[in-house]
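Two complexes are shown next, each including subunit A; its partner changes from subunit B in the first to subunit C in the second.
Let's look at the complex of A and B:
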């Protein structure tokens, strides 16, 4: 099957629009929109990471906020040690360099995902959902009680990380950084999903029994996917910490895991763009409904219900059907 | 007599008080089709699952080409040359027919920790998969999503996928179940066609197929093999008649 030229065209148009977004937001006299879009991109990376195991691999993890939070805390803790001039564990100096903190955040969340995944993936189904949730909650309470790093109140990062001569406090700069990373991340996911590894992962979702009968040892592939997914969430968390200049245990609360899952379902489970669309829809709905009523989750719930019942594959599927082409 | 390629001795499995497999010994010689018949609930599918290692057995030994495989994982056994088909078809429903065969070949080619190249643009892999589809008579259905295949085609695909793993011994769990007359004839012809390359254990209720294909037949009743012999010997065996063929007359 060849990808139709219209797909490439619409992707190009989309990219141009995304690049022009800060300028358009300024022209529309609504510069805050750039910040909203940045949030969407960051949550999109996290949701796409979750979707990698949930949608493509069929592993319903209810603890992905843990990796999001860890990514954020790596940035926050490194900054605290940097600003106080005290080395971490008496050995490692802190850092405020984005090129140090973000890769470290990705590595640490990957290691954490390896640990949690190695234990959780011995189970399946409902047990897997519960055990991932339990691990995430354990981490949540660990950080709540970690007074050195702010406990309940979280950590304030007074100045965003440095990256060359860029000022990451500047809204458009941060937006372009997140856009670059999100596009690269999506490209990477696209390659993995269509690779031999992705083939095995999607096969496992469809029938683990069949894959076993073909001679596959499922565990190591699922674990590798889980680690990749955890790293993606850690990346998003590290970006979020820089964007908000604040981290708190709330980033790894179970409701955050739920929000990520809602974004995936809104956008379309097992699709590449779905999680980004879902993140966009979620954040728009959150701000629209919250302006209208305090109980905005009720409205969101109804919308989610309608989408699940009637779109048969989330917003991405709905859009594809509207424009009459295959997803 | 040639040495058996698959040799099972004293295999036993119990689920609590239920003895599912009771001291079963069965062997398959190279190029042979060894049919396993028996009434429903005799433990035929349970036996296949134990041979492939999906279910652990409690006692006994399983040797493939002289090598004990009873303590190996399913994946290892498949790599050493065992394959099975499923009674209730077990395929990848969202994938195309071609994808289903290609993934079997992919797994045969070694580990899949390759994250970059597009697997659907791997022409060597696709070409090889098409070869297996042609043998199975499914080449014009290659791009159809598997869930949309007819039952008979899914059964054919089951066989094509199993053959794509290039097994030494194939464990067939009722390949004729639910097939019409013409489809059964096709399946029989296909199985006969690959018999030279692959030895088989054939679990089947369709007696016409069993008598047409089998070199030897074993009869399994309540987890025990009560008789093994050529087709003629089994037809003449009084114990088998009462246990199985007698009550199964209307089955055929």
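Let's look at the complex of A and C:
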């Protein structure tokens, strides 16, 4: 595929803008914007992970908040054991090192995704939507009942994880960390989507039977994609736990899965940048509407409804329809 | 033994409530192929409208037509304005559009009725208990719910298996295109089925009012359980929904009643209670996972 030079140029401009964002926010006398942008980046990673199975693989998972929550809880639980000085299960010491907790969060969510995916992918269609939802609810109730880790109230992480000499409580530092991770993650996704594996996945979405006729095992490819996606959500959850310094079962509530889906569809299903645009749009919309009226959910509901009913392909498609008639 | 029977009846009461919701949901999915997340909102609307009228007029009976009418009208409006455009879309669009509807309904109800839950007293005729067996007293109202639920189930059975409309419904869930090709006004059928489903959901909501608090969010709580019922029973099968509702109702109630006690024998009191409550809440999802692993299409799935 030929990529026009303008695409590279606009990407470079975007990157420069993103790097300058905290400075610009300070100059505009609105430093809180850096925090908003950090949240957008974190939710963008989660939404992009969901989009990987949903948009490219055609698997409508309604339980991705589970992996987001697990990622967060790995960080929270490790920190609790670190601060109390008692080992987890009597064996593993806790940790507050970002380079330990985040990779562990990714691994644990990947393992959970392998388990849930292996069971869920035996079904398809509406059953798949419901069984992923059911597994997420199961985990939600499990964490609600774990009094050791805060139960309903969640876990407070008094100090963010340590990473070298960086102070992750500092908003711009956290922002740059998330930006670096988000960009690397997006690059990785781009490589995967354009690889042979990605092509098989897209082929599976179009026609599972055709792929089977080519001698490919659909189940294995889908499971691998599901695991990658779960790991991505776990990564986002681990970052969120560090950013908010708080985890709670709400992170894996089913409405969170719904929100992630909304972000994906807002930005455009099956596009690389879409989920980030969608996450941005969703968070902006939420804060704008919330500032304007207490009944912001009403507005959000109507916008969502109109978007689904009258645009096909979300905001990105809407923009390209508006600005590039030929696209 | 008395406790066991009482829990069994409680389980049946939860089961028939679930069935009233699941019957509509499974029909809507089976015939129109639409996942309707807003079904729980219609349950909530039935509960609010009925309870409000009952509380204002002081008559429990007057609340019934109010709740049913509000639910059915909402259902028709939702079908006409939103769901009609989703028939040919994929499940993702349906999930998102009806997720939007949930946000709208929840906020609208909050704006109209406020955040305080509504309560309604039991009707005088149903407020006592009856002695079913020596030593087993059971609230009359809960028995009435079970009776209504079983009556509706019988009525639905007759409607679906013995009438012309029922024949079309069965035909529609087997092969939608063919029914349309035979010249049946499928749109009318769709609206009728949707309204029927909404009516049953409203009935369930109103009847649950005196037992649970009527509040925003009550719809989603039961909606997810209802989905579990529909999936376990087999999507599109009313019979499956019936058996799955009772199975789930009894399982859930039994776990909640007995599990904390069992755990308390091996753990400390409060922690056992918390863990017991957690595992009981997980029970139905675990049941669903097991059923789907053995029969990926549910217990009573049709050929579709």
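The working rule: the second predicted complex is superposed on the first by the 317 of 327 C-alpha atoms of A that agree within 3 Å, B and C clash if a C-alpha of one lies under 4 Å from a C-alpha of the other, contacts with A are read in each partner's own complex, and residues count from 1 in each chain.
As a convention for this text, contacts are C-beta pairs under 8 Å (C-beta built on N, C-alpha and C of every residue); 3 or more make two chains touch, one makes a residue touch a chain.
Remember, it's a predicted structure, so these values are computed and weren't measured experimentally.
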item	value
First (subunit B), second (subunit C), both or neither touched by A:249	neither
Touched partner set for A:76, first subunit B, second subunit C, both or neither	neither
Which superposed partner A:295 touches (first subunit B, second subunit C, both, neither)	second
Touching partner for A:262 - first (subunit B), second (subunit C), both, neither	second
First, second, both or neither for A:135, with subunit B first and subunit C second	second
Larger contact residue set on subunit A - subunit B or subunit C	C
First, second, both or neither for A:54, with subunit B first and subunit C second	second
Touching both subunit C and subunit B, counted on subunit A across the two superposed complexes	none
Of all residues in subunit A, those that touch subunit C in their complex	54, 60, 62, 119, 122-127, 129-131, 133-135, 137-138, 141-142, 144-147, 151, 254-255, 258, 261-262, 265, 269, 295, 297-298, 300-305, 308-309
Subunit B contact footprint on subunit A (complex, rising order)	191-192, 194-200, 202-203, 206-207, 209-217, 221, 224
Touching residues on subunit C, where the partner in the complex is subunit A	29, 35, 82, 85-86, 90-93, 95-97, 99-104, 106-108, 110-111, 220, 224, 227-228, 230-231, 235, 270-271, 274-279, 281-282, 285-286, 288-289, 292-293, 296-298
In the complex, subunit B residues that touch subunit A	52, 54, 73-75, 77-79, 83-84, 86, 90-95, 99, 103-104, 106-108, 112-120, 161, 165
